[in-house]
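In the two assemblies presented below, subunit A is common to both, partnered first by subunit B and then by subunit C.
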Partner chain A sequence: MTEGALLAAEAVSTGEAVTFWIVGPVALAGALGMVFSRNAIHSALWLVLTMLGLGVFYFVQQAPFLGVVQIIVYTGAIMILFLFVLMLVGRESSDSVVETLRGQRQAAIVAGVAFAALVGAGIGRAVYDAPVVGLEEATADGGNVVAIARILFTDYLFAFELTSALLITAAVGAMVLAHVEKEPSERRTQKDLSTARYASSRPGTLTGPGVLATSNSLDTPAILADGQPAADSAATGIEMRELPPVPDHDTTPTKGTPR
Partner chain B sequence: MIDSPSVSYTGLSPVLFVLGAALVGVLVEAFVPRAYRWGVQLGVALAGTLGALISVILIAGRNELTLSRAVAVDGPALFIEGTLALLGVLSLLLLAERSPDMGGSAFVAQAAVPVGTVRDRQLATLTYSQTEVFPLATFALAGMMIFAASNNLLVMFVALEVLSLPLYLMAGLGRRRRLLSQEAALKYFLLGAFTSAFFLYGLALLYGYAGTVDLRGIFDQAAGSEKSDALFVIGLAFLVVGLLFKAGVAPFHAWTPDVYQGAPTSVTAFMASCTKVAAFGAIIRVLYVGFGNNDWTWRPVLYGVAIVTLVVGSVLALTQTDVKRMLAYSSIAHAGFILTGTIANSPAGLSSTLFYLLTYGLTTVGAFAVVMLVRDADGEAGHLSQWAGLAKRSPLVAAVFSLFLLALAGIPLTSGFTGKFVVFRAGLEAGAAPLVVIALVASAIAAFFYLRVIVLMYFSEPAADGPTVAVPGLLTTISLAIATAATVLLGVAPGAVLDLADRAALFVG
Partner chain C sequence: MTPTYYLVLAAILFTIGAVGVLVRRNAIVVFMCVELMLNSVNLTLVTFSRINGTLDGQIIAFFVMVVAAAEVVVGLAIIMSIFRTRRSASIDDANLLKY
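Up next is the complex of A and B:
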């Protein structure tokens, strides 16, 4: 056993301790921030911070592969996907504050904290001053990455292959829940649409909202020449604004209004 | 250069048949025109499950660990795989039922179309349905088989996910009362994901304790170890939470009634029978193979859990007014009965658990198949008051349902009696007399609500606008006939199957 390994087996090196005490509080702050943020986007960003902290821990613990995977896959891919989804579904916090069971929240907090204390104390007692074992063997022959590759294709080969069933199920499930299959007859081609438009009474483009109106907002209908709102300029999916009454144009406008 | 692990394809053949059917099913979904899909999918799925059943019979008696000790091929594993394949066939027949008299298929035409839209109402008038349920069901079945056969906690975890994901999806694909069905799927998914995390955390702690996820490795590490037991005990506790959730054992049972009620009844039949079999298969393997020498850690806990389960299941079932919810609580109570045998930690405990799982699964599939038959204009007539006087409308269906209820209650000459008898005997031999007494009281309470339904069916006046009893389609008829025959046979002449369970009760590894 080399001197360095002996050191690793018995004590934590200074560098590791310093890194831990710097990154540890940051990761913990990220976790707390994630739980207590009102805004879902902020929560996600706090979680990114925690995950980056965990990635650093893995590097320090001589698990470079895990560290890289943590940062690239979790922080890089999954969390960003998460942010995409949050942006798509809207980010307003719509937490229900109505308690269906009286006192449920308080009871849950007390029980949760007590449970965490129990498990934390138990695990802390078990691993405090526990000897470091297995690092030598795990990284002996070609290092961490080679060792992971080896056990992935020997001891854990079946778990690895079985994961493919999981991925197929997930793909099928996503298709089932999100994909609406269209009948061939209900899909209108550009040609159909064009024919229908020229057959209609108004082949030209419709007026957009806001044209000649007092505002160019999307919820303002266009104004016709007589000052009435144009009904067919309404945008779909939003409620149109009520226009102020048409001003009376009988009075002659004053000339040369000073700017 | 690494040596690839040896694979016993013969030993794995039941799993490979079902997994193969699932993969072919996904391809069928992509390439076969919609008009033929239903038939082809049913054929593929049945070929896979029947193939698995036949290969289990052919390789019975094998004892080996394959794929670097990841998967066990031994008596309990093969017995559970055979039971799952048989129940899988029966459930697939129910899943595939689409006779017009029973309201067509139970599955939605397109799950992605929002509930209540114009398009949704349009699709409800069409006959086709989402045929993805067949590959999903076979994936779930493969996951269940591996779940009960894995000798390695990591494989067990992946198998747990493989069996759970399709079930979450299938629960949400109901054609009628779609919002209820989707709510059931969401509840099941959230709670299931939560307990999967418990399982995974327990796995990690046990790895921290033993340095291995191999069940035998954990057994060896725990024998005569000087290490602190804290990681071992906490890890085991978390692991057991994950397992008990899948088995629907109180206090982790809260999802059961809602999910059983909301999911399409054929899916409920599949979940209630197969999932319970797989979960108990995994529980006995983990506890006996991995922790058999340390039963002071889990026996007292499971003793208490069994009592809570028995009380919750049988007492709350009394208050139910919906047939599916009543059967859900009855399934919770049955989990308690099975635990009575399991905590024995003896070969008798193992063989009685295996036998009980088989009888319970067959009876449950049958009972839910009958629930599919009693219908009114809105679909299935779930409320118990609608079942009043059913015997006058349809004596045969009422008689068959009564048989299943009597079997669930454990009346002599039905399979349920034999099952209860063997688990109680195993519990008594292991010195769990108080538990057996509580289980007996619980079965008396349970018998009351089963008999109440029978009384309701036979001695009440039928409601004026009561439900009609649909003529079962061919597939449901086959399924019901097998379940009925098995329930009677296992009650009258259980000897051969009991022998089989006894001979199967030996773990490898």
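Up next is the complex of A and C:
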């Protein structure tokens, strides 16, 4: 080990190393779980785990302000926004398994492993022996937040002001994109809906979920007279429960109903 | 260990995000993978800020967070409007700029 490596190793305390080896695998597992979970909501929750781990790393690496911003802005605001959109999009958010390009997944994984090895080895060799200066001197006068504020409002003032323009543009753009212009006449009245329903092949109300089934929960389809589950009784947006085999109605007495 | 370990972890996280962008079909999950890539770059910036002993890396990471927040707002609005017209959040279905 060279002298630089010794210096670099001294910059990291044992507690930090322990934190790294605990939180690092957790963050890695979160990232892998995000990529490989079928359900988009599970992906979002895995990503929250990774972002919390990165927030811990910021705290450990003398960046408490960024750690707080990471937890509040990323896990608090951005991921909640993701979850809101997932809820709006609904069950369509599940991923399709159809491969449009043959072998794309394998190629992507191979390229990813190669890229990680290349960049990781490159960075590792380039800066492994670099002496770690540490931020004690830079944040000596008033601590991390004061030092960041001092630089932000002097050297980076113009960029900071541009940020305000960016945020306003983004807010306006989101409103323009998400807004739907609707004429009052476009709205279907109750009369229109009723006419359309009687013109259809099925004017009556659809069967509710759980009717004549073994359970009355919302995820149980109704059972038709021939014992088959009624597909149109399924509630939208939730996964239907697998029904147990239907008992023979002639031999088993129905419990709780007067004969 | 040295702070280099953080850089290697950030490289691995970036790669996972990139592979996710290539592999996943759901536009929202692809977007989350992009967020993961931005986050790993932030970790790199914070680590280099510590190695070099200046706060500029942390400032740039802060700006990255601001830009990422704006990007998420606009991007999710675009995904919502695509979903409204095409009833699908799959990136394979979004092959037209209009209709």
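Everything below uses one rule, namely that the second predicted complex is superposed on the first by the 154 of 259 C-alpha atoms of A that agree within 3 Å, B and C clash if a C-alpha of one lies under 4 Å from a C-alpha of the other, contacts with A are read in each partner's own complex, and residues count from 1 in each chain.
Methods note: a residue touches a chain if its C-beta (ideal position, glycine included) is under 8 Å from a C-beta of that chain, and two chains touch if they have at least 3 such contacts.
Here the structure is a predicted model, which is why all the values come from computation and not from measurement.
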| item | value |
| --- | --- |
| Which superposed partner A:Gln61 touches (first subunit B, second subunit C, both, neither) | second |
| Contacts of A:Leu157 with subunit B and subunit C, given as first, second, both or neither | first |
| Touching partner for A:Leu193 - first (subunit B), second (subunit C), both, neither | neither |
| Partner chain in contact with A:Ala225 - subunit B first, subunit C second, else both or neither | neither |
| Touching partner for A:Ala165 - first (subunit B), second (subunit C), both, neither | first |
| Touching partner for A:Ile123 - first (subunit B), second (subunit C), both, neither | both |
| Which of subunit B and subunit C A:Leu81 touches, first, second, both or neither | second |
| Subunit B versus subunit C, judged by how many residues of subunit A each one touches | C |
| First (subunit B), second (subunit C), both or neither touched by A:Val180 | both |
| Overlap of subunit C and subunit B interfaces on subunit A (superposed complexes) | 119, 123, 127, 130, 133-134, 155-156, 159, 163, 166, 169-170, 173, 177-178, 180 |
| Residues of subunit A that touch subunit B when the two form their complex | 119, 122-123, 125-127, 130, 133-134, 150, 153-159, 162-163, 165-166, 168-170, 172-173, 175-181 |
| Touching residues on subunit B, where the partner in the complex is subunit A | 2-5, 19, 22-23, 26, 29, 67-68, 70-71, 110-113, 119, 130, 132, 135-136, 139, 142-143, 146, 152, 154-155, 157-159, 161-162, 165-166, 168-169, 172-173, 205, 208-209, 211, 228-231, 233-234 |
| Touch list for subunit A against partner subunit C, complex | 5, 8-9, 11-12, 17, 20, 24, 27-28, 31-32, 34-35, 40, 43-44, 47, 50-51, 54, 57-58, 61-63, 65-66, 69-70, 73-74, 77-78, 81-82, 85-86, 88-89, 92-96, 98, 100, 104-105, 108-109, 111-113, 115-116, 119-120, 123-124, 127-128, 130, 132-135, 137-139, 147-148, 151-152, 155-156, 159, 163, 166-167, 169-171, 173-174, 177-178, 180 |
| Of all residues in subunit C, those that touch subunit A in their complex | 1-9, 11-20, 22-26, 28-29, 31-33, 35-36, 39-40, 42-43, 46-47, 49-56, 58-59, 61-63, 65-74, 76-81, 83-84, 87-90, 92 |
